[in-house]
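You will see subunit A twice below: alongside subunit B first, and alongside subunit C after that.
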Partner chain A sequence: MAVFRLNFNTLLTLSWRNLWRNYRRTGIMLGAIAIGVWAMIFMTALMRGMVDDMLNQGIRNLPGHIQIQHPDFLDDPNVVNSIAEPSGELLLVLKQSGTKRWATRIKVAAVIASERETRGINLLGIEPDAEADISGLPALISEGRFLETNQDKGIVIGAKLAERLETRLGKRVVVMSQDPDNNLSERGFRIVGIYRAKMPGLEEFNVYTARDTLQQLLHIEGRVSQIILVDEDYREIEPLYEKISQATPPGLDTRTWYQIDSYLAAMFNMMDGFVLVWVVIIFLALSFGLVNTLVMAIFERIREIGLIQALGMRPALIVYQILLESLLLLLIGLAIGNSLAVATVKPLESGLDISIVAEGMAMMGVSSMLYPNLTLYDMVLANSVVIILGILTSILPAWRAASLDPVRALNTN
Partner chain B sequence: MKNVTLRMAWRNLWRHGKRTWLTVGAMIFSNTLLVFSISLQFGSYDMMINNSLQAFSGHIQLQHPRYLKQPKMRYAVPAINARAQGLREQLGMSAISARATGFALASSEERSYGLQIIGVDANHEPLVSTLPGLVKRGRYLQAEAVEEIVIGSVLARNLKVEIGDELTFIGSGFDDSFAAGVVRVVGIFESGISDLDRSMAQVNLGYFQDVFAMQGQGHSIVIRARHIEDVDPLMSSLSITTANLDNLAVRHWDELQPGLRQAIQADMTSAWFMYIVLIVLVAFSVLNTQLMSVLERTREFGTMMALGLKPARLARLIMLETGLMTGLGLIIGIGIGALLTGYLSVVGFSYPGMAEMADKFNLPDHMYPTISTLSLILGPGIVALGSLLAAIYPALRLNRLRPIEAMRAV
Partner chain C sequence: MASKNEKTRVRLLFYGLLLIGLQGFSALSIATETRPPEPRELIRAAMEHWRGVTSYSEMTMTIHRSDWERSFSMRAWTEGDKLSLVRVTAPKRDAGNGTLVQDQSMWTFSPKINRILKLPSSMMNQSWMGSDFSNKDISKSTDIIDQYDHRLLKTETVEDHLHYTIESIPHEEAAVVWGKEIVVIRDDFVMIRQEFWDQDGILVKEMAALQIESMDGRNIASRMRMHKLEATDEWTEMIVDDIDFDVEIASNLFTLSNLRNPRQ
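What follows is the complex of A and B.
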């Protein structure tokens, strides 16, 4: 028997035409695939945007990608657990290493009092120059100015705290905290700036002064609570971490952001898993329809398949032809779904206002603007899952079609 | 006659058994998933609400109208003890307790920290808040005792104090006077809610009023409802009665903890987006199946119409077929969903990273979905509705069928 030879082009034409024999069914299936793929990518972009924001905010609040501190400081953030300002080898590495941004800071619990009210706060003594990259605070000043030098005598407080204290820009407040000997030190500060944080809760607690001024107040000249480092990308800080921890004198504790905040680390690690689960669930819901479509398409063509088999077409080619049909269906669906997703995500990239649930989002550590993040990785993931699993689920119907007995197939009605 | 249509519909379904099962399979898959995740959502929302509210804030609070926005000492409720007692008698419930709140700087021998100091009614406080029950070392406050304080575990660690140690606190009183006292730590609580453990301390209300010059005033009357469902009826009866009593504001828990309701809302929104996508995909599956099955049977339907069957009757047949398919998907889906969820509601489940997340929302590190009638019916019900809606178009097409042409169709 002459072997029926088909080149790829013929096979492709055959599949393409078969696809449109029942344009309604193909159309419905394309619609389902397009919606599924759109949902995969759209939702993933929103989730990514949310988690990125959560991580960025979280890391800015820590702050920093790497922190060096007294081993007891994280558990007991007290002024007695301070460290000396960096010197020697560490200072050298800090200056030389790939980082552009590092600073020291003091962090203590304190009480702030205006003429009318008293509140417990988190008092930070910072180096103003580096703060833009570490916490992004200078950009958040809504009134007045940010601290200018390490010796600045002013204080910067949050808008919400100002409201609670019934005070305003230019007024004086008294700050009390303990020095290492547990004597209460206090000092008046003039409010030189007021900031508005993206996360409302922080405004009430974080109060900023210049580092040297605070050292004087607490009688800890030459000492700080933490050394903060910021790398280019929070995802890739291992090389820097290695270098820094080698240069850090013994007795100090060097930690990365993900060691410090387990919630952030969990979110960071879970995100890829979430995306995969979501994509696979949507695919499974789609797969029933896909198999259904193929099974019916084959069922309608039993006689035809029997005939071409009788004419000498090899079963393998029948499998290829059906798989190709399925692949074409998937590819068109993916093209529509991807374009839909890009078309809907792009206009939202300037930010989606979700301030209606701002305080709820704050509980999760997310600010009230959501910036969807459409990543190549996620798009490739969604598309590969659909194509690979799609082809896999098509194999069974295709193989069954190819193993039909031509004589029986020809005689079915 | 109805019976005939039903039997026809049932038999029609199994003319293409594989197709029917694939469509029903899509429904079962979605229904199982929906039952599970809706049960999980409801369960965790309830737990979030209960854990967050019962720990401290209670379900309802009565406050000075401006206190919610500006929690300042001077926005106080006069004669708060008598007021709370009046409410207890009037509502016939005892889970009502009066509180006053202030800020102070507390110093131990070694350390000083700012803290929130709450004056509580030691007799009634355990009825509105779980905190007194969470005293892990020492004991809770004794009624009327002065110069006793109960503090959070993290605060105790930071202050480096133990049971029996002394604390000095200073703050400013109601009349802006200097408020100071020396108290002995009698108890240390551990709630697992870091805000409370880190910065809260409780003393007796009477003592608080003396030290902070409150003259019998307080800041909030806290009410704990027996069930979360009782909150709204309680709210309405309270606003009637207290409107007559001078102007106190009645605050619902979602005003006291707006983040909680909003976190739930945000979570609901994203969850429903996912559910709707699933439901739409199932609807497409049904549309595909039913449209194909109508088109295949054009000749058959033509014949039936020629025999005198009205298109409406045929449309009913299609809807009935869809209904049967949906019913099958519904029953099996709910069945599997209930089994899976029921199993997990006993053994609980967790995934890597969940403990860290749960902690943020005052949840335990294992999740236990709770099955309720609503959580079983809601998702699958909407899937069924979507499927029936999807079958309307194929069913309506039958109206366009002309018997003669139809009988000639291939």
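What follows is the complex of A and C.
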């Protein structure tokens, strides 16, 4: 053991000094590793931020983490496919469950008309109290106010829709839809609020009214389209889902967000894979530089290696020495890269404005502010990939150095 | 969603009546009364008179645009203020197109596709046969009397007739987009003019009687023009060529099967 420690210390000293013999080359290699690691972590944080945003937006648009609805509602969002407001056991479970918020809502296709324009919309009858947690809409109101009660007589439309209708806050519009008997139901509403969505596309389609008012208009008193639940964290909704689906009366359909939107679910599930692939790709580029550096370092030292071999150093120790050299190089590079990444991501965590490309991003379901998300998991992943694969790629040059024939090596010019 | 031509919505009974070519009565005269008439009653009285009245008319509708103009000939039957059937007779390529109105519901039939289409609410604001009238204008509704607050603005005498100018402001929750409407009714219930104002007080469109004559014993607006003020060179004119009142109407006239297979 003592012998090994002695050997190890000697090896460490040798490696360390060898590293700085050609400080310029080592410096360049360190730079490459640092930039590579920075790119891995920084880009991953951006990607995570983007995907988180996409998931959050997607879940807010669904909306909710769990939805209860008529089995045909998702395929045919018709007013006919409505359900009764929760009662009995379901209501009890909803009230007792640890869920942060739950609400009912009505969702129907409708037509909105101003004096000059008519457009098709998605009319939502909501419970205003719960909306902050479900869609975050109240925070998006740019003019006027949000709906106040379930009986509110006003209507809240998007800024883009107001522009298209050539109308504005405080004016009246007419909303038309059909009741379950296919009769025309229509009513005038005063615009009490205008919202600006993070995704401009939504502003044109989602129009909000109070739930009870819409029930009256559609002649569906006591009935709603969906029951929406929001849990603490969208990643861990299984227990709540179990509880709710057991209490749901037969004939109703309970679904989680990842069952409803398989695109979001795929996004969520593939993210870890994406990160790994990304890290490995950067490492591959990096590994050529690393191998080249080591091969060059060994090539320069063939005579020296021959000499220490001739003096009795065992080949295994030569391998260790070169691996140690590579490890030191990687560790320093990682230290610089990690600090660089943290230093660049932290200031951006309050949000990165990407509104220049907002239109294209909106198509992907991403808002114009990007919030990088630096996770410990990603940092550990990037660092372990670099160290493990780095050592593995260094084995080949190290093994070549160790298997040099001392006599030939000593005779090399 | 909607066509560019006609997206505004209107809901006054008079439209439907005008369109099928009937207008006004001479029988009743409020002019002799000393007190100015209640404006709401004036409008109601005009509507009440249509109850039980049947008519058959032949009309021409001209749609004018800055770069083109076209005319349709059509025949129309009405019974009271709830039922009407309009059928296009010329030009040839549009002949056979029909529209049936039963109270608030509306169906169209086109022989080219040989199909009856019930107009969904989303299409009610769209243009009727490409004209400046919307489907909503064609399918009339009497409950509109109660959805407005009516106010008599002025009474004036024009060419031996009293003209009542009534301002109608829709109720808060009425399904009406207009800020106000101004209706000018003659004492024999011929509607002289109807104006549609937006909520900012800008006149958006206007329908005016260009010619009033007595046909089959009643005074009617034989030539009406719907004109949008924001597009100066766009209007639709309805000309009543001939009209008969109190005609015999077959019981199956206002039915879907008759819309598809004309029997008269």
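By our rule, the second predicted complex is superposed on the first by the 406 of 413 C-alpha atoms of A that agree within 3 Å, B and C clash if a C-alpha of one lies under 4 Å from a C-alpha of the other, contacts with A are read in each partner's own complex, and residues count from 1 in each chain.
The definition used in the following text is that a residue touches a chain if its C-beta (ideal position, glycine included) is under 8 Å from a C-beta of that chain, and two chains touch if they have at least 3 such contacts.
Just so we're clear, the structure is a prediction, and the values are computed from it rather than from any experiment.
Participant: Clash or fit: how do subunit B and subunit C relate after the overlay on subunit A?
Facilitator: Overlaying the two structures gives a clash between subunit B and subunit C.
Participant: With the two structures laid over each other on chain A, which partner does A:312 touch: subunit B (first), subunit C (second), both, or neither?
Facilitator: neither
Participant: Once the shared chain is lined up, is A:176 touching subunit B (first), subunit C (second), both, or neither of them?
Facilitator: It touches subunit B and subunit C both.
Participant: Mind working out whether A:113 is in touch with subunit B, subunit C, both or neither, as first, second, both or neither?
Facilitator: Both subunit B and subunit C are touched by A:113.
Participant: Specify the partner with more touching residues on subunit A, choosing between subunit B and subunit C.
Facilitator: Between subunit B and subunit C, B touches the greater number of residues in subunit A.
Participant: Based on the superposed arrangement, let me know which partner A:43 touches: subunit B (first), subunit C (second), both, or neither?
Facilitator: first
Participant: Applying the touch criterion given at the start, work out whether A:153 contacts subunit B, subunit C, both or neither, answering first, second, both or neither.
Facilitator: After superposition on chain A, A:153 lies in contact with subunit C alone.
Participant: Report for A:76: first if it touches subunit B alone, second if subunit C alone, otherwise both or neither.
Facilitator: So A:76 only meets subunit B here.
Participant: Could you tell me if A:184 is touching subunit B, subunit C, both of them or neither one (first, second, both, neither)?
Facilitator: Both partners, subunit B and subunit C.
Participant: Need the overlap of the two footprints on subunit A, from subunit B and from subunit C, as residue ranges.
Facilitator: Common interface on subunit A, subunit B vs subunit C: 109-111, 113, 116-120, 176-178, 184.
Participant: Considering the complex alone, what residue numbers of subunit A touch subunit B?
Facilitator: Of all residues in subunit A, those touching subunit B are 22, 24-25, 28-29, 31-32, 35-36, 39, 43, 46-47, 75-78, 109-111, 113, 116-121, 163-164, 166, 176-178, 182, 184, 262-263, 265-267, 269-270, 273, 278, 281-282, 284-286, 288-289, 291-293, 295-296, 299, 354, 356-365.
Participant: Where on subunit C does subunit A make contact in their complex?
Facilitator: Within the complex, subunit C touches subunit A at residues 1-2, 7-9, 104-105, 120-122, 124-126, 170-179, 196, 198-199, 204, 230.
Participant: Going by the contact rule at the top, pick out the subunit A residues touching subunit C in the complex.
Facilitator: 109-111, 113-120, 153, 167, 171-174, 176-178, 183-190
Participant: In their complex, what parts of subunit B are in touch with subunit A?
Facilitator: Answer in residue numbers: 16, 18-19, 22-23, 25-26, 29-30, 33, 70-73, 103-105, 107, 109-116, 157-158, 171-172, 176, 199, 258-266, 269-270, 273-274, 277-278, 280-282, 284-285, 287-289, 291-292, 295, 351-357, 359-361.
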